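You will see chain A twice below: alongside chain B first, and alongside chain C after that.
Right, the complex of A and B next:
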């Protein structure tokens, strides 16, 4: 296998990383809303959030991607396949992240919130200074895990025609008859990216403010 | 947007066949992955440092790369090293190895959580290694490994959809084909999503039931 082929794979991996990062961020924003719905006491909010999580965790991501990719045009929304891919990944990761966030907010020690109320902090101040930082600290490791899962899952958007790392590897394997070398190289690139994410996650986690235990 | 139920009923035999292939592959791979994972975990615990390190590297690679890449390696790369497999065997082999990597980690943490004293006590009264595994390790770790094992079973169920990409005639492939041939994506993909969703919910519920029934043995104060 030549250096040229490896360079092509590396270039395609930029798409993999970009799609994953964008999806994780959008997914996180959606997850905040969903977890807020879950934690509210209104059944009107809780039930749709539960159905959302159950569906997006219960159906395979591939099926979700096929659904979004094929159904958006049917209901009259024509978007490029890259948008469909990002929407699919974002909704899927939002369901998992919402569960994590809910767990994080539920584990914020009640005593801390009560003491904040005692010293006269407003609910917004309590959220900004007590609840949110502690919940983020508690769910950060899960967020890093989720980022790695999405990096791997982004290989599935190759089926809707986006030339990211996996699709590039498939194309090259077909045209060069070197499937073994090319898929192994693609796997190696995924491995290195995930390793970097895990390493960076560990570094950031250590710099976050601590959690009282 | 219309919903034509005839598309589903006219293709019912095909759909049922696809569902059957999905479920069959799922059950075979889950069992194979659990057994393989257990053997790897035992080998890592009792097979010396070298074996432990070697398996550690293999597992890190399997967990760090997408399943799609692994299945491409088995299916398209296999023939180049003399391993030509049809789609279904290739799918079963690929998915079992992928699952085994995760199962072995589940069992490994299960082994690690059994108090050392219990094993030492077993050695003291003259139990053999096999007896220690069967009578002490296995019963004590059941409670710990059951929830993640159920999770893994569900993940493997969902990963079977990926096998459609290497032309395994399971439900995703069957319904995608029906959808594109008859231009009935709405109906086909609705049935597909519903099938997986219901099956995953049922599995999760059965797993929960098994947890409450099987784990009467509790030595921690959890």
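Right, the complex of A and C next:
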């Protein structure tokens, strides 16, 4: 296998990484809103959040991507490939991350919150100093996990016309008849990317405030 | 007062948007010319029409659409999708025309409009070089043969299989390139695809693949695909006219020679396909 083919795989992996990172970040922002709605105890907020989660966690990502790409134009929204890919991945990961966050906030020890109230902290102070740091600390590993899952799931976005790492590997394997070398290289690239994500996640986690170690 | 003017603004905006959308829908040719780009959907896994050669999108389609683009005075923008996603995306308006090409069939003509044919599409078998067990199409009886999912070749293969004493074990692939890889690896006995495609694959990989002649089934042709509705008629008319001009002045024959090794006669239009 030539250097050129490996370079092509690396170029395609830029799409994989960019789409995944952008989707994880957008997904996290949406997840904060959804988890806040879940925790609000107001039916008006809880119900839509539950519907959101059960749809985007329940239907396969492949189906969601095809729906966003092919069905939205029916109601007049014709999204380009890259937008469909990012929207699909973001909404899907948002549903998982919202559940993680909800679990994290629910696990904040009630005693800590009560003590904070006792010393006279305002609800905003309690959120900023007690609940948010602890919840983030509790959900951080799940977030890293989710980032790795999305990096791998991004191989599905070729169905909406993005030539990412997996699709490039398929194209190259088809035209060069070197499937073994090419898929092994693609696997190695995924492995290295995810290894970096896990390593960076570990480093960030150690610097997080929160539960004492 | 404020709310009222906001409402008015929204209604106005919606009206303008609606007008813009319907203006776009009314004449796709004008829209394409205004945008300066013709969007073409394809699968990039159908050599020699459309494939990736070590990372470069190349093939007869790329050359031919470059000429069509010159005739229409627009740039060509390619959108690569898996083949079974191409038709839904065409109907969703993701691109203006499908390069494919696709075999011109009665069933497809009911729903889509075809351009003038660009090549013959009659089906034949590709086998591993030196495989003496297959010397004519009928020899594939009882063997495992690969073919593309959601293709006209699949229908033709099934039809042919029904005429054989033992049925063919048909294995469907998302793209033909994967079936060629499996054939090279010895997992299947052959691949059924249109003659120009497998002749090209065999010529690229001499010593690995061989074509089993003659082709079988009914004579058919490849064309590009567009939508049939009135909105798309001006665009499809313009593409047809450009292609007939390219054919008349010999550019089409030149491209066929470049990609198939030989040029061949195709009708200007297929009105009544064989199947």
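By definition in this document, the second predicted complex is superposed on the first by the 210 of 213 C-alpha atoms of A that agree within 3 Å, B and C clash if a C-alpha of one lies under 4 Å from a C-alpha of the other, contacts with A are read in each partner's own complex, and residues count from 1 in each chain.
Keep this in mind: a residue touches a chain if its C-beta (ideal position, glycine included) is under 8 Å from a C-beta of that chain, and two chains touch if they have at least 3 such contacts.
Keep in mind that what you see is a predicted model, and the values were worked out from it rather than measured.
Does the superposition put A:74 against chain B (first), chain C (second), both, or neither?
The answer is both, since A:74 touches chain B and chain C.
With both complexes overlaid on chain A, does A:170 touch chain B (first), chain C (second), both or neither?
Both: A:170 reaches chain B and chain C.
A:46 in the overlay: touching chain B, chain C, both, or neither? Say first, second, both or neither.
So A:46 meets neither chain B nor chain C here.
Identify the partner contact of A:83: answer first if only chain B is touched, second if only chain C is, both if each is, neither if none is.
Neither partner.
I'd like to know which partner A:64 touches here: chain B for first, chain C for second, both or neither.
After superposition on chain A, A:64 lies in contact with chain B alone.
Who does A:184 touch here: chain B (first), chain C (second), both, or neither?
Only chain B; A:184 stays clear of chain C.
Contact-wise, after the overlay, does A:8 reach chain B, chain C, both or neither (first, second, both, neither)?
A:8 sits against chain C, while chain B stays out of touch.
Quick one: is A:36 in contact with chain B, with chain C, with both, or with neither? Answer first, second, both or neither.
neither
Would you mind checking which one, chain B or chain C, touches more residues on chain A?
When the residues of chain A touched by each partner are counted, B comes out ahead.
What is the contact status of A:142 with respect to chain B (first) and chain C (second): first, second, both, or neither?
neither
Can you give me the overlap between the chain B contact set and the chain C contact set on chain A?
66, 70-71, 74, 158-159, 170, 173, 179
Taking the complex as given, what residues does chain B use to touch chain A?
Listed in rising order, the residues are 1, 60-61, 64-70, 72-73, 76-77, 80-81, 158-162, 164-165, 172, 176, 179, 185-186, 189, 192-193, 196-197, 200-201.
Considering the complex alone, what residue numbers of chain C touch chain A?
21, 44-45, 47, 51-55, 79-82, 85, 88-89, 91-94, 175, 177-178, 180-181, 184-185, 205, 208
Show me the residue ranges of chain A that touch chain B in the complex, using the header's touch definition.
54-55, 57-64, 66-67, 70-71, 74-75, 148, 152-156, 158-159, 166, 169-170, 173, 179-180, 183-184, 186-187, 190-191, 194-195
Give the list of chain A residues in touch with chain C in this complex.
Its residues touching chain C are 2, 4-5, 8, 66, 69-71, 73-74, 76, 78, 81, 158-161, 163, 167-168, 170-177, 179.
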